[in-house]
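Inspection log for the structure reproduced underneath, given as structure tokens.
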């Protein structure tokens, strides 16, 4: 059905002088049962018992009215979009000549409400092993964010130490649970991440505004999907303020934070507001030696998808300027979710020329370095 | 005085070749054109969503919810739209206009003729084969 | 004729429970005096703990009137202490308190200056009780608005509809303002993420309450139900609004099927129904005015935020180069947002 892949006659991306790094691709385990083989019987029973969901929320709680995934991305064997590493190469990586794809497997958000940390640790280790074998093992363009326990920091550090040197490991995805990212609780993880040159990557899991142990959405509860989706920038904002005012970047100046799929244009007024808060505290009350906006420019990165579509293109250009997009922004597609962005449209029609190479390549390279394998 | 444009009839198959609600995509004069059979007849559209260029024929052909009071729904089977497989923007199959006027961009549509059990898409320019 | 200059947010403080005694039953006065009840502090503005300058007076209507800038033609008095009741568990007590404050404003403040108008302050726990209070005072010639601080429920939901209905009946604008306990206690509007939070976190995240409110109001079709309603966000700034509205528009384009009652873009709905009070004490970066240009020209109004003004509130508009835009913000936009202002011209012309 449809012209699909054949229609996308590949236009040599190299001609425009930059390589494209996609900083948000979602691989999926179609059958989480495959992880059983790597876990103890006790943990298997905990994880795959009847009450446990495959995603971090009940599907009926606030369902997408049609589907949260692209309708044209089911795998050749009929599996859900994102569940076939080879098909992803064929449908996404190759036609768009993506030089490196940052894999962010958000199903590890499952562990967010789990009180059984040991079971969670086993699940996470098996989960990471799966993606390293099936995705990184298949193609060097796949660069994985390994997941870690949001609660058992010792286990998180152990997982980082275990995998930091493995080929294809590029970042650390922390499923955002009940502990604010700015808390000293995470310092051992940040220390390990900084030491290994692994950016900390945050991304919505679906638990936001749904589970008690997950970040809240402000005010109350939304009752439609478009409302909830509009507000997903809020957990991103809270991560940012928590880590900035928690002094994380004071203690770990070389640590990088990537806020993936939380939006980015909100970051301009937020940087100003954070600076104002710092000023009102006479620049010393918060215990920060640098202005928050300077720290954002140095240490925090945002991804483009979903790129805003304001009524006037100039509005976007102006806000990109205000948020120092040449330093702070990296391209992302969110393949294979429904609100994905087409790389060619974004790079050629939406972004001003002087921002294309930084957003496509330079900023990601500066952030992840050799871990992109480029 | 307008100049009459020549429309070329492009044969895309027999009526029974089509499954209701499923697009078949053809290369017609270098353009990807999707043709679909519905209970309101045949429609043809360019296989390119005007939003970000997705292959829109990979989407769905259905009725849709028309305007209503808050938290009431009014589904209209007669209002046939194609919804893009990506962002689900809906376009009326007959006119290519955005349903709900979420955008001024239009989907390119083509006239379809059915004659003696054969389906033809009317394309501008080109020769009748 | 003098161009209109409307102060859309001038707070009223009451120092002592004694001032409120005449405005409640003797038994309620007894109830409040005999327990641990304490008057909400008149110090830092609710929601802005970082502002360490306590309110300068604010309880003296004559002094407040005398301090008004000469070009100000209308003042919307907003009692600030009832706003904190979104953090109280006693709903009946909150209602008695707010009603007493409203009566105090009518009796003590309105006579002090013909420019004074007022917002009817209501707690948001109980929509029907709030509607009753709104109707009680809604016919007063100087009533121009309703004001509340949200509890932890989306503003689109039925919980608040009685407030909108009563406000709409009387042509009153609905002013939404922080209560002071957001992110801190259970009951009021929640802040995004998880805590515990530094004061800087709270300061930075507070606009999220308005973001969620705006989103809920639009996507839940509140303005379809209440076609003449104007909602004014005070104390949240506005720089966050253009990115949110773009995002809401994008969601609508792809998800219209779930909200088919939205027959125009969310940003178009907001342009007609939603306003923001400029928060000069907080949003001081010059880029703020670049963002302002990305909102509807009618979206912004000015408020002095007295007596809580810190640096910048008074000259909040100094960054507005365009005189016409300034005049719109201080005048025409406010008259459009607070329709009842026009009904009774001030004595000073």
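Letters are used for the chains, namely A, B and C, taken in the order the chains are written, and counting of residues starts over at 1 for each.
Throughout what follows, a contact is a pair of C-beta atoms (placed from the backbone, for glycine too) under 8 Å apart; a residue touches a chain by one contact, two chains touch by 3 or more.
Just so you know, these numbers come straight off a predicted model, no measurement behind them.
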| item | value |
| --- | --- |
| Chain centroid nearest the full-protein CA centroid | A |
| Distance-maximising chain from chain B - centres being C-alpha averages | C |
| For chain A paired with chain C, centre-to-centre distance based on mean C-alpha positions, whole Å | 36 |
| Averaged-CA centre spacing for the pair chain C and chain B, given as whole angstrom | 49 |
| Overlap residues in chain A, where contacts from two or more other chains coincide | 66, 338-339 |
| Residues within chain C bordering two or more other chains | 220, 252, 254-255, 257-258 |
| Multi-partner residues of chain B (each touching 2 or more other chains) | 83, 87-88 |
| Touching residues on chain B, where the partner in the complex is chain A | 22-23, 25, 32, 34, 47, 52-60, 83, 85-88 |
| In the complex with chain A, residue positions of chain C that touch it | 50-52, 150-157, 189-201, 203-205, 207-209, 211-213, 215-216, 219-220, 237, 239-240, 242-244, 246-252, 254-255, 257-259, 267, 282-285, 287-288, 290-291, 294, 310 |
| Touching residues (chain side chain B, partner chain C) in the complex | 64-74, 83, 87-90, 99-103 |
| Chain C-facing residues of chain A, complex | 64-66, 178-180, 182, 214-227, 229-231, 233-235, 237-239, 241-242, 245-246, 263, 265-266, 268-270, 272-278, 280-281, 286, 306, 308-312, 315, 318-319, 322, 338-339 |
| Contacting residues of chain A [partner chain B, same complex] | 1-4, 7, 66, 70-73, 338-342, 344-345 |
